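Same chain, two partners: chain A is paired with chain B first, then with chain C.
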Partner chain A sequence: MPRLLSSPASLAVSGRHERQAGRRLDRRLTMELGVISLLVGLLFLPLPAENLQLISQMNQAVMVLGAALAVYVMLRLNLLHFGVPAFMAVGGYSSALVAIHITDNVVALVAVSLVVPALVAVPFGLITLRLRGTYFALVTFLIGQVVHLAILASDRLGRTDGLTGVPAPTWGDVVMGDALTTFRLGLVVCILSALLVAGFMSVNSRRIDSLRSNEVLAASLGLRGWPIRLGSFVVSAAAAGASGFLVVNTLTTAHPSSFATLSGVNYVAYVVVGGAASIVGPLVGTVALVFLVAQFASEGVYASALLGGLLIFTSLFLRGGLTSTVRRIAEWLRDRRTPVPRASRQRRAVDEGQS
Partner chain B sequence: MRARAERDVVGDQALRVVDLSKSFGGVHALRGVSLDISRGQILGIIGPNGAGKTSLVNAISGRERPTAGSVMLDGLDVTGRSPDYLSRRGLTRSYQQSNIFAEASVEENLARAAEFAGRRAVGVDAHLQATGLDAVLNSRSGSLPYGLQKMLGLVMSLSTGPSVVLMDEPAAGLEAGERPQVDRLVATCAEGGCAVLIVEHDMDMIRRLCPTVMVLDAGALLAAGPTAEVLARPDVLAAYLGVGDTESESSDG
Partner chain C sequence: MDTLIQALINGTALGAQYAMLALGFSLVFGVLGVINLAHGGFYMLGGYFTYSLTSGVGLPFVPALILGVLGVALVGYLVELVLIEPIVDDHEGTLIVSLGFFLVVIAAVTVAYGPEAVPIEFPVSSVLRVGDAYLPVARLIVIAVAALAVLILWMVLFRTRHGVALRALAENREVASIQGLRPRVYFPVAVALSAGLAALAGGLVLPIFTLEPPVAEVALMTSFIIVVLGGLGSLLGAAVAALAVGLVEAIGGAYLDGSTTKLLLFSGVLLLLLLRPSGIAGRSVRDA
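Presenting the complex of A and B:
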């Protein structure tokens, strides 16, 4: 039988390992909770209700933030997920069906948009998570196409017309129909998605980092990889589904064009440009690109060129995205002011390697 | 209950491999190899390149599913089980190349090994001191010299508290001065009751560490027994060192 740890000296070393690693996790979690707190603060900020353009752009950002988080969760495992629009569609359409036929209670609708895609993700995950790299990206893209075709073929889902006249969600007697309330509801759903993603990533951070870094070694040390990968896929689907609910809620229509497979490329761009070290990256990338693209809204071609150009530029020159670049610049400036002891530089190199 | 009954029968036997075969299409990498290793025993596996040594380690450790045969760990049939299952059951392995979490610190690598295996071995501190890793605990492991990376891989596999450890060329790529450290790791592990299987080309290391040795050639067992006797056999010398070929070529010439 395997020998168990009993030496006090070994206990001291192992305890130290866990404390060190724990501090690193705490740092990431603290930053993520800080960002989530900012989102909560935004809820209570008085916004100019008359500035519809600003509200609309902010709403667009919160609408797709869940989709960016869905890409981020899988990218942490080095898996490029192009099937996010499929799970957005599942969340969006299922909440629309519930709103039309059963109840327009906001809690029920949000719950449905989170749970149904998560359940649908299980069989899809069992099939696709055997694959890696390009094959995973291709198959998730195909999932998007399959779901899109299923919607177009279904009378119940309105085929090419979609489901129109989806009622606005309600909370007691309050109907959440106006632009400001729609934005605030979107923000609450984003905060839920961010908490779900940050919580999952925090609990499984060490396992996820290990699978991304060296899957063979992790397995030979005893790590079961597939529950982590499947869990990530399910959490990713839930975040995407919540995003789909927000799209349907904003448009009051569940339409196939809202969940076009190619839109998955945009969500990947948000994460690549923002960075994938923590949930701060997808948030920064989404807000930056949604507002930038909005400046080119009248010229759709330029908007696509901007997205593509930024994606290429970031991949070539800003590895790690905007958040990592800003952090590196801040550290460089700090180092210039005060010489950093070698040990601290080494520690920082380790931290950077892990993110 | 059945498992306990089987354990009583196997006694001190930690690993039993029976008629293990592995084919890749028409290529037979392993042909009916059998072996037994008891607790505390160190068994060397040698053979020329392509003899099937790494295939044997891969098939035992779950990296490759055997085509035929069985693997018994502590009396339990674990044939074809996944590497993570085997590791949690106490069978771990090290790799020919350095295999670590390169982006993480040495300390974090060790913490991951302990967490994933769900247990930690006695004497990790001693292993760290013996290899010099205790001085670089906070360093990024990927930035360490190759020898230290290799040592870290070995210490990680031993720190999971295995009952059986398979070492695939633990001395490969190490400087002469670093090899005695591997000796100490292996000896400490075996003294603690761990069964050790070493695949190695370094004959000095095999002579120093392994009282018994098996020779593989073209996927099949060529010879097995006490190391000194086996290494002196002409057929082993011919297969391993090509002595026979050289002689016949000389006589032809």
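Presenting the complex of A and C:
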């Protein structure tokens, strides 16, 4: 073993792997910065206030982007998280309660929607993060159901009626109630969620990649997995909670049907269709599916069929989602122009498998 | 006391129904290693196939139920062959594909039959009186049929050559394949068996309750809680957990409201995971 580790060949291999890992991190960081810059840019883009349909669709995408990011954070660890609606509900209901009973200050509401779900995620995380793979996925469904049932059983949360008449958030004397302001507030909250997710990912990127590729090996090298998994779960809950706040803010109602357990499928679909290799995947998937589904707004049942069909198609034919497929096509086209040595192609294939 | 007896009978009937649902779900996970989210869809399809064959074709209930079960089993067979088989070793991928199929089936049924409940009635509506308790015969029939179905499944799995093959594939696919057992032949059979069981539960029970598209989601959630409680992939665990969940729901429902009973049940199962992450059966056939 010592001879193998210290041999020049193994050192060269380990150096190459480190360089590849470094390149992967750089690429991911660039993507994350790109997405955040895009969202910031959208804030300053002049939008036609009279085109309410466009603003409504953009707002819908912004509203659920946090939920997609919540799924993405856990999927980086190979954990499929269907319990996102539970944390959206916690964020949405807690901000609604604060808005109704304490203050409608926007900073307070956003802070509550980020912090309360993060705190609630800790005990749930302690229960679920011992589980792996598909078992984890099943149990996250149960978390969604527990929170949904808790809302239905609580008089304080309005049971099946929910909390109605939630006041619009305010910033000083400004009431943020119109469609355009709601959209821009949604963008700001999305940027916060994206920064939170990207920050956590950047700090823990190598650890997450290690856990993802071989957890046993990572543990044998001294990497403790549970703080990373719990941290991911908490960050995911915070992003979902912020998304829940946006849902409540848009509808001015915190209603249990907005956080139905099976709606977690939609957020997973956004990431699966978009791709989970980087933060671009959830963004692309969310925007694409929200706009596609909006075309069937009058016939929700077709939207459900479309979503199902896309999930099947992506899993069978577009492994890695839209973003990975586009990248593969781009690389294929580049390789056709400039033939790449076979060894290099093999290395890239290994590289892709890891990302 | 009579309320309790009534609740016990109802709970056993519920448990029997849940056992048919959860055994199929657990069987597919045990043999293929796949979480089949289409399972709730198969349950719902069992009800709708039976409904179509009774009200559309005019068949009596029992032949309609049998044909419905066979039809759904065929759908399950094809789903495995076309959708699951190409990516059978990708656990997350198969979960997503089955989820996609589940959504498509619900949409298709909603388009074909509408979102409202359809009128279908169980052929037996008489009630037995035991002391001061009233026992619906339909529920006793559900218990008897479920017991028979579980017995047949047990005999297939433990007393036939093909059952041994299925269990061998569940135990160690590589070694079983080396011995000449072909997963490509047996995997679709396992999904067909599972779909057939779910359809039997749906076809038998939904006419007693309500036949509408949302039952698929309820069935899926129920399957989840049972297999998580019983231990994923453990058939015995699934059967015991199904009975336990049925009894808790019925007895709790007699004294509390439905939402509170379910909340207590779901929370209890989540807390149990702290102590026994692999469910009450302790050891699952296959690690998730």
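FYI, the second predicted complex is superposed on the first by the 321 of 355 C-alpha atoms of A that agree within 3 Å, B and C clash if a C-alpha of one lies under 4 Å from a C-alpha of the other, contacts with A are read in each partner's own complex, and residues count from 1 in each chain.
Quick note on the criterion: contacts are C-beta pairs under 8 Å (C-beta built on N, C-alpha and C of every residue); 3 or more make two chains touch, one makes a residue touch a chain.
Quick caveat, the model's predicted, so the values are computed rather than measured.
*Asks:* Looking at A:T261 after the superposition, I want to know if it touches chain B, chain C, both of them or none. Which is it: first, second, both, neither?
*Replies:* Touch partner of A:T261: chain C, not chain B.
*Asks:* Of the two partner chains, chain B (first) and chain C (second), which one does A:A219 touch, if any: first, second, both, or neither?
*Replies:* The answer is first: A:A219 touches chain B but not chain C.
*Asks:* Figure out whether A:S210 sits in contact with chain B (first) or chain C (second), or with both, or with neither.
*Replies:* First partner only.
*Asks:* Tell me which partner A:A111 touches in the superposition: chain B (first), chain C (second), both or neither.
*Replies:* After superposition on chain A, A:A111 lies in contact with neither partner.
*Asks:* Touching A:I127, do we find chain B (first), chain C (second), both, or neither?
*Replies:* Touch status of A:I127: second partner only.
*Asks:* In the complex of these two chains, what residues of chain A are touching chain B?
*Replies:* 1-7, 9-10, 12-14, 16-18, 20-21, 24, 206-207, 209-210, 213-214, 216-225, 343, 346-347, 349-350, 353-354
*Asks:* Taking the complex as given, what residues does chain C use to touch chain A?
*Replies:* 29, 35, 83, 86-87, 90-97, 99-104, 106-108, 110-111, 115, 217, 221, 224-225, 227-228, 232, 257, 259-260, 262-263, 266-267, 269-271, 273-274, 277, 287-288
*Asks:* Name, in rising order, each residue of chain A that touches chain C in their complex.
*Replies:* Going by the criterion above, the answer is residues 78, 80, 124, 126-128, 130-139, 141-143, 145-146, 149-150, 152-153, 261-262, 265, 268, 272, 301-302, 304-305, 307-312, 314-316, 319.
*Asks:* What residues of chain B sit close enough to touch chain A in their complex?
*Replies:* Residues 61, 63, 74, 82-84, 87-88, 90, 92-93, 95, 99-105, 107-108, 110-125, 128, 138-140, 142-143, 153, 156-157, 160-163, 192-194.
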